[in-house]
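One chain, subunit A, links the two complexes that follow: it is found with subunit B in the first and with subunit C in the second.
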Partner chain A sequence: MKIQKRLYSYYLIWPALLIYSAFFVLPAIIGLYYSFTDWRLDRIAIQFVGADNFTRIFTDDILLLAMKNTFIFAIVTVVGKNVLGIALAVALNLRLRTRNLLRAIFYSPSILSILVIGIVFTPLLRTEGAVNRILESIGLHGLSQAWLTNPSIVIWTIAAVSIWQTTGFQMAIYLAGLQSISKDYYEAATIDGATSWKSFRHITLPLLLPAININVMLTLIGGLKVFSEVFILTGGGPGNASQVFGTIILRTFGEGNWGLGTAINTLLFAFVAVISIPLLLFMRRKEVSE
Partner chain B sequence: MGYTRRLQIRNYIVEALLILLSLLIILPLLLMVFGSFMNSTEVLRFTLALPEKWLFSNYVTVFEQGGLGRAFLNSIVITGISSIVNVVTSSAASFILVRRETKLANALYLFFFMGLIAPMSVITTIRVVQWLGFYGSVASVIFIYAALNTAFSVFLYSGFIRTIPKALDEVAFLEGANMFDVFFRIITPLIVPVNATVAIMVFMAVWNDITIPIYFLTDSSTWTMPLSIYNFYGLYSRDWNLIFADLVMTSLPVLILYILAQKYIVSGLTAGAVKG
Partner chain C sequence: MHSIKKYSTVALAGLLSVSLAACGGNAGPATNNGESAGSGAGEKVTIELAISKSSQDSPFIDKTLLDDFEKETNIRINLQLLPAEQTATVLQTKLAVNETPDLVQYNLASATTDLNLERNFEILDDEEWVSRLENKDVLSAYGHVYSFHISQDTGMQGVVYNKDMFEELGLEIPTTFEAFLAVCEAIKSSGVTPVFMPYKDNWAANIWPAAAFANAVEPSWFDQLNTNQVKWTDVPEFVTALEQQYEVYKKGYTNADVLADSYDMAVGKFLNKEVAMMFMGDWLIESVAEKDPNMNLGLFAIPSGSDPKIGASPLGGQLFIPKQAKHKDEAKKFLAYIATKDVAQKIVNERAYVSNLNDVVTPELPGYKQEIVDLYIAPKKTALTTDAYMLVDRNELYRALQDQFAGSKTAEQVLSTWSDKFSQLMKDKGAEGF
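Our next item is the complex of A and B:
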């Protein structure tokens, strides 16, 4: 006991604990309180208004659209980044001559700022931009689109840009996972006459669960918190067609509508917690039983 | 046809498909690099071609007009200091959290872990920073970044420190070492690779971020590179050659870091994949 106290004093935790509590936890707790008030730029006295802000989120058309877009973005990117990430990792785990180069190429966009990616894609996605020109040159006129200005597809376009950028990051985690699987399993399966698909389904996928677990969590949480992608590509437009919670919070901040802004943040926190905590527990259990 | 031969053919097909797919990644990036050397009319075609004449002068123009020198220094200060603060505080905290096997230590670990899930509450963070009296300052942004990355770093460090046998500490203790000796002379040398991983991951995340500067850096003299480019993009929206040059310049530091420090990034990813 003496050695415990002498060697491992809680003093060493204080710096991290103080910074983390003051600049992350405290704002979250204050936010919980302000969510139930009419805190505004032009109010001197802040009043408790119960669930008014939340009622407004669920009745205002723009806010509902932002909620819908946030979920579309999160689901599309989770599926896209993980399915493509696993496919790329499995392919780039084969003995290919160019595999190191290819891995580096697929990973490279994820080290760049979304600002860079967003600005590069803006001219490419215009109606007369390169994406449509390429589609037309290979005879797919029907697929050409006003990618960033058609309200019904704009959020999908933004999700696609995000998938383009960071699937390589997911791929790298999956590759690390694949490399921790012993080759013996595959040899045994081949001797038993298993097809590639069967090996993938019964060896690769179950043993890749820790990596799938962390990747789904990362992409899901990141997806629900989306802000920069939308901010740079469309700023929430055209009109409000691509607003998400992240961009709406910036707008309420600019308008001085702070109570509402914090309420949206609180709701976002609730969504993230309600979806990710059970998922985390479920995946943990699955990992153990497989 | 033998089994190995079939596998070989399959690999050729997969490789060909992957090379085609990789063009999808390379071409937009090449468009940016080539475009950054073009003149302002040539670049507006937005087609993939080598510049008629390589105008290195675009970079000089951007550097002077975009105020990039200052932005670069701001980025270095903010990114560098917040990475260092994060590495020092998180590794020290993780050391205690892992070694003390008490309920309190466990609860504190979960308290930090929560930060991986919870979204940041921006508007009230501004409030807190205002109360503390340094809203708009570089220092506030450094603390915010250190706080935002604490959860991730504690998670990485704890996983690693757990693999260092406690017996090492005990032997040192019996020979008269105190807490600081143990932490700095036994633990720190063993976690050098993790320090590198954490520092690089934090550096890249902070360097590339635009969210915090948008909310917290109200004075243009404190802007980081991405934010000053965003501003430049608004002002010079016709001069795409300059915009591209600007983008290439922001990307260079992280690109160089990535090339130099690749193995540390990979080991960070491996820790995530294997431990879950």
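Our next item is the complex of A and C:
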């Protein structure tokens, strides 16, 4: 029987656990209670209202639009960031002379503050802004849009800006994953006559699954919780066309309807948990360990 | 090998403690609370005044004023500057956790909706200066005086226009909507954008409606509205007003990208003579005059409906004393100090205010202000805009107006959306009748 000598006692975990409980777990539980009340700015007494807040979320047009936009944003950014991230990682893993420079260039937007991104992109995306001018100059006049003021495409524009900003980060994680794949597999595949697409599909992707796992989780959770990109670029506008959960919670709190705001927050938490935990378990099972 | 590990551990620990300190250092300005509460012993008392960063030109926080006050009473006023977009939220939080400042500068009308005026703020009816007020109404709510100001300049809203351009083109001030469109056509033909609409800042889209609506109904109508006896959708003139504003845009009399242009571009547009008019308030004229005193701007009433009147916004930038303030007496002393004849007269002269104290004389007003007084205030052609009567947040109305300009709502839909939201908000507040 192997006796495992523990270096550190379990008691050392208590301080961190205490702080975590006090600042995360406890407020979450208290928040859960408040979501079922009519907690407001201008009222001292709080009454239990059951699921009223939640029925309101599913019947109010703007709250439903916020839900829809949040999911659109999350899906578009998950797909965009990961597909582009893998593509960039594979491309920048080849033997190029400017490889390191290119890696730095593609990574750099992710270290920019979101405020800077907002200030830079807002004039670029105006109808007379640089993006449309470039499209016109290469003859694609028909593609020029009111990127940030057309209600039907505004959330897609914001998703595109977000993809531009953080794909480099995803690329960095994928590069790390790629470099841990042994070259022997590729050599064996080439000897057996596999095309580069085949070796990508059957060697790279399966062995990259841990990295894909991490990145999909990060981008999915980040996409569902989005706030700053939307707030900085459009503030939820024009009108309410680009509202997402994050911004609508801010607006609801601003209106003084704190119980409803907490309820939306609880719902968001539930969505994130219900979507990401099964996904995590599913992808863990698919991972191939060396 | 071992020593490298030791050094890196020490370095890492040092880095961590430095970053923790950096986080902790952001404790905020509340560290001056709880200083000596008694002022009788001649000890220095420090009181807190919370004000939005966007109101830093307020006369009440002028350094000379604060220094003089400190010299005279040994009371020091510490300023808490709040970020502009979060002023309401920060104040709400401070009031909720009883970390209240001793003085707050805010707008009376918004304070009733945002800060729960009745619950959180002191009634000032018994203060000495109240008996010297010319116009108590601009400082009162619910029948009591809640705020302090020495000006009754409420900020007028209408169409800011470039007088020189009008003179050059031989244009008269339009008093009907058709005449207004004709004026726009003439200005457009001369190569200048007639109207600047910065509706990325959605509140700007409500200037025309707020004045036009107030022009269409009696003030008593709003009391009925606030008790659910009438609805926003009951008045056809409201729909007309919204359609009119949209028509100006549709006819091409405005900047191209109304939903992407913001208010902070307005001053520049006037200075560069790119635009001739804007639906805004006289504060814009002041901002432009600051940058270029030679610009000749004026204000005329929104030409919607018959016999248009200038829209008067509720007075802003007043001082309030929270009920939970720790140094209420000292705060009241500050108000009394500002209200003394000499101090008040100095401020009124410097800022060209219309004085609200009966022993403080209104100085000679700048041209455009005197014109507004002569043309509109004196002959009583002013009407309080809808903002004065609202008890709820109007953000959804502003957003609905943006939707109209984005093409996704008609004027009727804007009103019905806002009417529903208004009922919902009033119901949430527990207002009578909803």
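Worth pointing out:
Going forward, the second predicted complex is superposed on the first by the 277 of 290 C-alpha atoms of A that agree within 3 Å, B and C clash if a C-alpha of one lies under 4 Å from a C-alpha of the other, contacts with A are read in each partner's own complex, and residues count from 1 in each chain.
Simple rule for what comes next: contacts are C-beta pairs under 8 Å (C-beta built on N, C-alpha and C of every residue); 3 or more make two chains touch, one makes a residue touch a chain.
Please read all numbers here as calculations on a predicted model, not as lab measurements.
Touch criterion not met for A:L205: it reaches neither subunit B nor subunit C. When the two complexes are overlaid on their common chain A, residue A:K225 makes contact with subunit B while staying clear of subunit C.
By the touch criterion stated above, A:P109 is placed in contact with subunit B alone, subunit C being left untouched.
By the touch criterion defined above, A:G256 reaches subunit C but does not reach subunit B. In the superposition on chain A, A:L143 makes contact with neither subunit B nor subunit C.
In the superposition on chain A, A:Y20 contacts subunit B only, with no contact to subunit C. Ranked by how many residues of subunit A each touches, subunit B and subunit C are led by B.
When both complexes are overlaid on chain A, the residue A:L64 reaches neither subunit B nor subunit C.
Subunit A residues in contact with subunit B (one complex) as well as with subunit C (other complex) are 253.
Contacts from subunit C toward subunit A in the complex involve residues 88-89, 92, 113-114, 116, 119, 199-200, 202, 256-257, 259-260, 392-393, 395, 399-403, 405-409, 425, 428-430. Looking at the complex, you find that subunit A touches subunit B at residues 3-4, 6-10, 12-13, 15-17, 19-20, 22-28, 30-31, 34, 88, 91-92, 94-98, 102, 105-106, 108-109, 111-116, 119-121, 123-124, 129-130, 164, 168, 172-174, 176-177, 179-180, 209-211, 213-214, 221, 224-225, 227-228, 231-232, 249-250, 252-253, 258, 261-262, 265-266, 268-269, 272-273, 276-277, 283-284, 287.
The touching residues of subunit B, counted against subunit A in their complex, run 11, 14-15, 17-19, 22, 24-26, 28-29, 31-32, 46-47, 85, 88-90, 92-93, 95-97, 99-100, 108, 111-112, 115-129, 132, 143-144, 146-148, 150-151, 154, 169-170, 173, 178-179, 182-183, 204, 207-211, 214-215, 226, 229-230, 233, 240, 243-244, 247, 250-251, 254-255, 258, 266, 269-270, 272-276. By the touch rule above, subunit A contacts subunit C in their complex via residues 38, 40-44, 122, 126-128, 146, 148-151, 236-241, 251, 253-257.
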